[in-house]
Each structure stands twice: as C-alpha cells, then as structure tokens.
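Pasting the structures in now, so scroll down.
The same subunit A turns up in both complexes below, where it pairs with subunit B and then with subunit C.
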Partner chain A sequence: MNLIEIKNVYKTYTRKRFLSFGKKDETPVLKDVSLCLKENRVLGLVGESGCGKTTLSKIILGLEKASSGQVIVDGKDISKLSKAGFKHMRRLMQVIFQDPYSSLDPRMNVSQIISEPLDIHGLYKEKASRRKVLEDLLKSVGLSAEHLTRYPHEFSGGQRQRIAIARALALDPKILIADEPVSALDVSVQAQILNLLKEIKQKRRLSMVFVSHDFAVARFLCDEIAVMYKGLILEYAPAEDLFSNPQHPYTEALFSAVPVPDPARQKKREAVSLSSRSDMENHPCPFAARCAYACAFCQTPPFLKEVRPGHFCACAALPFKNKKSSFAV
Partner chain B sequence: MLQNRIFKRFTRNKTSLVGLLLVCFFAFIALFAPVLAPVDNARNPYQMPQSSYAIEPQAPSASHWFGTTEQQYDLYYGVVWGTRFAFKIGITVTFFAFLIGLLVGSMAAYFGGKTDEVIMRLTDVVFAVPSLVLAMVIAAMLGPDIKNMMIALTAVAWPSYARLVRGDILSVKQRDFVTAARALGAGGPRIMLRHILPNSIYPSVVVASLDIGYIVLTAASLSFLGLGAQPGTADWGQLVAMARNWVLGTSGNTLAYWYTVFIPGGAIFLFVLGWNLLGDAFRDILDPRQG
Partner chain C sequence: MLDVQDLRVSFSTEEGTVQVLKGLSYSLPKGKVLAVVGESGSGKTVHALSLLRLLPPTANIEGGRVLFEGQDLVALSEKQLCKLRGARISMIFQDPMSSLNPVLTVGEQLQETILAHRKISKLRAKALAVRLLKKVGISDAARRYGQYPFQFSGGMCQRVMIAMALALKPQVLIADEPTTALDVTIQAQILRLIKDLQQQTGMSAVFITHNLALVADVADEVLVLYGGLCMEKASVQAIFKNPLHPYTQGLLNSLVSINKKEDFLPAIAGHPPIPGKECPGCPFAPRCSRALKKCFQDRPPLFGKKGHQAACWLLEEKA
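== the complex of A and B ==
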C-alpha cells in the first residue's frame, strides 16, 4: 500500500519586488516530481545541495505548499485537509531535522521539549502516565530519565539528535521524514544515529522518507532511492539495483566521487569529471552542461522511463553504447 | 551556565561591578527614602520642604546636609526623593515603551507583508525626528505635568523596541525548532508565546536596562526646560533648573554656589553612568558569542 503518493509536484519560488513593474523573479525548485512511499519501506532522496530534496520533504509535511500537483498521505490529499484533519495528520507523520543545534528550543528542557507534542494533542495528561511515556521515549532513543531536567546546550550533537528523534516519536507516527538527520554529526556519531533509526524503524514498523547527500548513508537505510538534480528526479530504483547498475551519467559521476575503502581499488578508479560547459546552457536536459555523454541524441527533454524492472532513469541518450567504465560501488 | 557567566563577568570586570554597585546604591536610597529623609508633607512626599522664602541658596550645614537651593528647598531631601522619582519615571516609561514596542514589533513580524511595511515606516517617522525635540513638542502640547512628560517620553522611546523585537522575531522564525513546532501541530499563538518570544526578547531587555538611565536624563532635560516636574518637586532636573541663576557664582568666586549644580547634577551623572555600565554588562552576558 502506498502511504505517501506524490503526483506531478511542481514548486516555484516567486520573489515579488517592490517596484517590480510587473517583473517577477521566479525560481523553479521542483519540476514534475512523482514518487511514492510504500508501507514499512524507506525512500531515499539523494542529490547535491540545492537540488530540491529539502523542499520536497517540506511539501510532504505540508509546511510548504506545492505550486501544482498533489501530495496524498494515507489516502488523503494534504492540500484539501481541514484544520482538524491537518492536525490529525501530524500524528501520522513526523520530522527530524538536519541541525540538532537549531531544532531544539534552547530555552526548554528535555522534558518540556518531548512533552510539547503530547500537550498539543492532549495526550497522556495524567502526571504519572506522562512521566512514564517520557521515560520510555528517552529509553527507546538511548537516553535515560535523568536527562529529563537538562537543557539542550548540555548535550552533544548526537544526543541532541536523539532528543529530536524522541520528540518525533512521541506522537507514535507511522511515517518519519528525516531531512539529512546525520549530516551535521561527525562520522562515529553518524553510525550510532543510523543504527538507532534502523532499529526504531523495525521495532515500530515505520515508513521513512530519508533525505541525504551521502550515498553510503542512503545505502545503509534506504529500500528505494531517488536521485535528484535541479528539481528533477533523474533516477529512481531499488537501492541495491541502483548501486550495482547505476544508469544515469549523474548517478555514475556521484558514485565515482564516493571513495572505496580499498586503496588498491581506489587508485585504479577514475573520477568522472563534472566539468561545466557554457555552450550547453539552453539544452533541454538540465544536466547536459555537466554531462560527459551529452550528444546529438539527447536533444529531447528527458523523462523517467523504465530501463530495467523497477529501475527508472531520465536520460534521452540511454542506453549508452560506449560506456567508459562501471562505477558500481 | 547563565549564572556562571553573570558571576564571572561581575568578578572579572571592575566597571560592571561599579555599575551594579551604583544602581544598587540608588535603589537602596529610593527604597529607604522615607527613612533617610523623613516626610514633611504626607499628602505629597515629592514636594520638597521649604524652610523660608529667602532667595539666596545656603551652603551645606548641620541642618541642611547638602545645603539649600533657591527659595530654601532642602537639597538633601530633593536628592533622596529625587532618586525615588527617577526610578519611578525610568521604570514606568521603559516598561510601557517596552510593552508598546513588543506589541507593535511582534505584530509587524507576525503578519509581515503590507502590515509590516506600514508599521515599520511609521516607526521610522518617529525615528527620523530627534527624540528630545519630539518629546519636547509632545510635552509642550500636552502641558507641563509629570504624567504628560511620561507620556511624551514613552511616545519617543517605543520605536527602538519595535524595531529590535521585529528583527529578532524574524530571525528566530527561521530556526528549525519553530518549523519543528509547526510540524508537531502547534498553532500560531503557541509558537509565538512558547518559542519565538522567549527566544527573541533578551536583546530588548538589554536595551531597556540601558534606556532607564537615558530616559531619566531626558526627563531631567524636560524638567530643566520647565516641561516636566513643577517647581518644588523633588526632581533632579528641577533642582538643576533652580540652580540656573546661581551657576556663575558671585563676582570673583565662580564656585560660590557649587552645591546647587554639582549635587543634583552629580546624582544624574552617577545614576545614568550606573545604568549604562550595568546595561553593557548585561549585553555581554547575554551575547552568545562571548564564551
């Protein structure tokens, strides 16, 4: 069953200028994005900074409105929900942010932070049961009851992210949107948080949308991965198939940039360069200017087509006859 | 953490300590004014006792510790009750200016767009006129009275708070914990009162502590010009105004009546200095960039 369905979502940011004389600055951020999240699966959104992955996650959460297109969560179009329906949607879907230093209110202690969702939705009002819920939540993210009275600044980045996860879990959601939850943490802590997310996902039978720019992180957690570039989805595939058979030149270039933990192999690998060519600026494919394969064949706008079972790729030049090498990780 | 920083600041930095001591000293005088200078006229303790109607000020003596000013008002009584008066004006005006600024600034930041534009341009208009001049005009229009003077001072003091609060709210609004609260289902008032205001109010508190001194100074200027407290009121500005004819002393002795200027003037000077140093200390303590 599809928990989240994203249908042809477009998002354009418009900046109105004072004294603009009718001119508008329009920046397209998402172009015709369609995706779905199945029950108890993890959907990864991967791409470089500014490709629209965070905007997409905000649109799913209803924190931003799509310019056109539909987002259907648990069978309901979120743009058509009433205020009460929207509030109910919050209990279904929760979020973890990238920066644990800015996602916790510095003037609230841990107890107040984790209590807030319960207060808003009027759950566990009785003192004893509230306390028990808070303690269980902290325990489930690897913290203990003694942390309840402390303030965010007394914790490390990893611990803060655990608090943020506990807050997201307080409403017992079915869907968790994780917006680069580990990219602000150092590598050893990243592993702990990733393990925690995986454990929680299995225990609570959660579905997740996992935003990341790190393929290694995405591979660990995701079942399906969508590769985004300039607001477009260039490739969408089951995680393992994507890693063993990357199709799009962009995915390939990104893989080539991920180092392999084997010096002998790493030395032989050749990075695909993403040089930018100014003569390709008006090309229908947004990636053409940086693409090593851009050629006369691909003068049509790219659209997602199934190249292998369940594996979609948006490149007009596929399949390549003269592929240089395979960069499967 | 905050307690530690406050303690560190005051033990390390001598000027902060001086500021704290000065303000505490004045607060003590204001609090114990009835003990330090027993009230003569119970109906209006701010009315200075007058021992005679003789014009010439009298030098400090056993019966008048600080001497007397024009028309024999006791300077000691005036300075002591003037301290209480200064606190009353400074705190009342700052409180209301803060409140109005907070309301206006948060409205501008919350509604944004055209509302913001209109509100902020209005505050700019108030900003554009020098505050002392504007306060004088308003006070003169309303008529010389203490209450009117306080209204005039409030009217010129609120825009700086409005601007500050608006800017801080706009920056806090961007932080992830506000988005997180929205994602949890929190409504507008809850986000404003629980998350945004508690995180954006501190800079304004610092400005308020600096402002108390400045407002007392402006109030003294208005009184000096005859737009505030009436003759005979225990008000520092009023006391300085009464010294106007005696500033030059007698021929050959310029400092003959020094006490009429230096005593109330010194009180104003030390009071404003104290609040300034204390405000500086608060600013550094609440500045997260200072470790």
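== the complex of A and C ==
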C-alpha cells in the first residue's frame, strides 16, 4: 500500500516587484512531480541545492502548499484536511531537520523538548508513564536517562541529532521525513546516525522520505531514489538498479563527483564535466545546458519513461547516448 | 616551506584556560599539499588561524614556532605579518558567502587585495583581477567583475575567494574546509581547480578537512588531528593502504561507500572530546576499542619511521 502518493505536484513561488503594477516574478520550483512511498521503505530525494528536494518535503509535511496537484498521505489529501485532521496527521508523520543546532530550542531541556509533542497531543499525562516513555525514547536513540535534565548546548552535533530523532519518534509515527539529517555532521558521527536511522526503520517498521545531496549516504539508506534537477525528476529507480545502471547523464555526473577514498583509483577517475553553456538557457530540457549529450534529439521536453522494469528516466537523448558510449568502448 | 614546531594554543574561558592545540609539529615541503584531517573540536581550524595569527583575542599562542623562509611567524610584529598575509601566505575560508563583503563588488574586493600589496595603477589592478576571475573559471569575467557577491552562487563565491587568495602568487595556501558548504558536484570542481592551480604555480598548500575521502584526491601528505594532538602522519598512499592508528582506521571504516551497499557502518562509538575535558593520556582512548590501561594515563609519543608515524601505544612493541 502507498503511504504517501504525490500526484502531479507543481509549485511556483511568486514575488511581487516594487512598482511593478501587478506584474509578478514567477519562479517554478517543482514541475509535475509524481512519486509514492510504500510501507517500510525509504524514498530518497537526491539532487544539488536548489533542485526542489526540500520544497517537496515541506509540501509533503503540509508546511507549504502545492500550487497544483495532490499529496495523499495515508489515504487523505493533506491540502483538504481540517485543523483536527491535520493534528492527527502529525501523529502519523514527523520530521527531522538538517541542522541540529537550530532545530532544538536552546532554552528547553531534553525532557521538555521530547515532551512537547506528547503535551500537544495529550499523551502519557501521568508522571510515571511519561518518564518511562521519555527514557525508552532516549534509550532507543542511544542516549540515557541522565541526559533528560540537560540542555542542547551541552551536547555535540551527533547527540543533538539523536535528540531530534527522539522527538520525532515520540508520537510513534509511521512516516519520517528526514531533510539532510547527516549533512551537518562529521563523517564519524554521520556513520552513527545513519546506523541509527536504519535500525529504527527496521525496528519500528517506519517509512521514510530521505532528502540528501550525497549519493553514498542515499545508497546506504534508501530503497528507491528519485534524482531531481531544477524541480523535475530526471530519474527514478530502485536504489540498487540506479547504482548498477545509472541512465541519465546527470545521474552519471553526480556519481562521478562523489570522492572515493582511494588515492590510486581517485587519481584515475575522471569527473564528468558539468560546465554550463549559456546559449542553452531556454532549452526544453533543463539539464541541456550542462549536458555532454545534448543533441538534436532533445528538442522536446523530457518526460519520465520506463527504460527497464521499475526504472524511469527523463532523457530524450537516451537511446542516442547509450549508442555513443558503446561506440566509445 | 613551512615548518611548524610544537605549536601550542590555548583559549581563556570562564572556566579557566583550555588547551586546544597541544604541541603540533610538521613540515610542509615545497610544492606539496598537506591535508590536516580532524573532526569538529579537534583544533584544525584553530591551527589554521594560528599559522597567520588570525586567532580571536581570547586565544593565546602559548609556545612553538612557525618557520616560514627563516622567519618565525609567531614572533613577527603585526606590521611585518601584514606584509606576508595574502601576499606570501594566503587563506581560503570555509563559508565563501560570509567571507566576502556583501556591499562591495567582487571586483573591488579583488582589486583591494592586489593594491594592498603591490604598487600598480588601479587600471592595471583591474585588468589583473579580471584575468584572475577568468583563470578560476568564471565566464564573462569582465561583467562579473562589477557584480556583488549575492549575484554569485556558493561555488562561484568560492572561486572568487580562490582568485583572491592566488592574486599575489603566494608560496603557501591555507584552505580551511573550502568545500564543506558546497554540493558534491561543485566540490569536485573546486578541488580540481585548487589542485590544478597548485600544480601550475608550484605553491605549497595546507588543506584542512573533516572528510578523509576528499584527501585522496588532493593531498600528498596527511596529518590526522584529534583532541589537539597529531594522531598520525603519513603519505596519502600509506594512510589509505595501511592506517596505523585506531582512530584513522575508524575514520576510514566509517566512510559510506558509493560503490557497494552496506547493511551496517562500522562507526566509531562515542563522540569527540570536549576541549579541556580530554583524557589525560591518549585523547582517543575513551572511544578506542583496543585501548590499554596505559592509554588512559600516559600520552603516547609518535612511533614509527620518519615517513609514517602514529601516536599510539599499540605500536610501541613494534618500534
């Protein structure tokens, strides 16, 4: 069953200019995005900054409204929910943000931080049961009861992210939206948090939307991955299929940019150039200006096409591209 | 090129003085890139700032020497140091957006750097600045010269910072996490650019990062820093092939691979020490799975051959 269904979502930010007499600047940030999240799966949204991945996660959470299209969470359209319905939705779906330094209130201690969602929803009102829940939550994220009375500034980045995860888990949600939860952390701590996210996903049978710009991280955690660029999904596939068989030129370029911790191999690797050409700004394909394969074939706007079972790619030049590379070999 | 000897830096806080660097020594050979790798709180940025004495007023260089062309940078007067900064030794900072002045055009800032050190006309300085912008890969450089930082993307700002750092052909470049705020694709481009320019001009560079994976691409030598102490020093090949220190091994193991799907990451347990509250022995001992009793009491010296050294008691027998 699909827990989240995103159907043809568009989002455009408009800005009124000073003295523009009704004219507006329109910036499209999401264009015809359709995705779904299945039970106990992790959907990865991967792309560079400005590709719309965070906007999409905000729309799923109901923090932003889509300009058109539908987001259906657990069978209900989130844009049509009443206030009470929306509150109920929050118990189903929780969020972890990127920066654990700004997502925790510095004036609340850990106990207050994790209690807040429980207070809002009126759960575990009795003192003893509340304490038990808080302790269990902390334990499940690798902290202990003695941390309850401490304040965020006493914790390192990794520990703060653990507190944020505990807060997200307090209402026992079915869905977790994680917006770059490890990109602000050191590499060694990042590994701990990734392990923790994987563990709670399995233990609690959670579904997750995982936003990241790092493919290595996405491979570790995600079951399905959507590669986004300028508000479009360029490729969507099961994670393992995407990594063994990347189709879109953009996906290939992103793979080649991830550094490999091996000097001998890294020196041989050739990063695919992503230099942009200014003469192709109004091209129907948004990626054409940076694409090494842009050609006469891509004069039509790209749309997602199934190239292998379950593997979708939006590139009009794809047949041509594969031929070219096989010639090169 | 640069010879750092027993550098010690402390900060005075409300709770007393806290030692952040506890005797760091290394030498940077001419034309080579040394990577300093460490987690947050390891003292890597403090080390970079102390090389040029850019530390905040609460910090104090307690001892040690930084030798550059026979001069000790720690002992130089402020005036003498100003002549070196930006001209002979320059620096790139972590966050390009906040290190550029938002109310001056990019060109004015570049020109300012050049004019501060060289007696040439404004016109010639401008021509030089435009040439530099071209060199770091900014297209349409003449038009871009007159634009403000907010009109540039993060990667472009970092290119401008690099242009500024290289404007006066320095002998040493210090790059403090130059790609941490950037996307992977932009990161790859910036690393390539730094490496290319370093090879073209033959300058030496100190490259500071928390990500060991980046080091493989740019560095010749690697120094692993933890809790203000050097844990391991080696060539880049040796660090990846045969890491001696458990911390280096842990760091390498905790990297996520793009080449295979892993079920579990062998992360280093625990968290980095809070400066001032480290273990009196090896700072890594509380997180080390192979720690001996000795590790908690005595600080290990560097063991090993000259080319590959590590500070770990486990290596004592071999030495």
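Here are a few things to note about the model shown:
Convention: the second predicted complex is superposed on the first by the 313 of 329 C-alpha atoms of A that agree within 3 Å, B and C clash if a C-alpha of one lies under 4 Å from a C-alpha of the other, contacts with A are read in each partner's own complex, and residues count from 1 in each chain.
In the analysis below, a residue touches a chain if its C-beta (ideal position, glycine included) is under 8 Å from a C-beta of that chain, and two chains touch if they have at least 3 such contacts.
The structure displayed is predicted, hence computed values, not measured ones.
Annotation: superposed three-chain arrangement on subunit A; subunit B versus subunit C shows no clash, the two fitting side by side. When the two complexes are overlaid on their common chain A, residue A:Val133 makes contact with neither subunit B nor subunit C.
In the superposed model, A:Pro263 makes contact with subunit C only, not with subunit B.
Applying the stated contact rule after C-alpha superposition, one finds that A:Ala316 touches neither subunit B nor subunit C. Within the superposed three-chain model, A:Leu92 lies out of touch with both subunit B and subunit C [touch as defined at top].
Once the two complexes are overlaid on the shared chain, A:Glu48 sits against subunit C while remaining clear of subunit B.
Of the two partner chains placed by superposition, A:Ile72 touches none, neither subunit B nor subunit C.
Legend: residue contacts after superposition of the two complexes on their common chain; A:Ser103 is shown touching subunit B, with no touch to subunit C.
Angle at subunit A between subunit B and subunit C, computed from CA centres in the superposed arrangement: 70 degrees, to the nearest 10. Once the two structures are overlaid, the count of subunit A residues touched is higher for C than for its counterpart among subunit B and subunit C. Residue contacts after overlaying the shared chain place A:Leu81 against neither subunit B nor subunit C. Closest approach of subunit B to subunit C, taken over C-alpha atoms in the A-based superposition, is 6 Å. Taken together, the subunit A residues at the contact with subunit B in this complex read 61, 63, 86-87, 90-91, 94-95, 97-99, 102-108, 116-117, 120-121, 153, 164, 167, 171.
On the side of subunit B, the complex with subunit A involves touching residues 1, 175-177, 179-186, 190, 194-195, 198-199.
Considering their complex, residues 39-41, 139-140, 154, 183-189, 191-192, 210-217, 236-237, 240, 250-252, 254-259, 261-269, 271-272, 274 of subunit C touch subunit A. Of all residues in subunit A, only 48-49, 156-159, 186-192, 194-195, 198, 213-217, 219-220, 239-240, 243, 253-264, 266-267, 271, 274, 278 touch subunit C in the complex they form.
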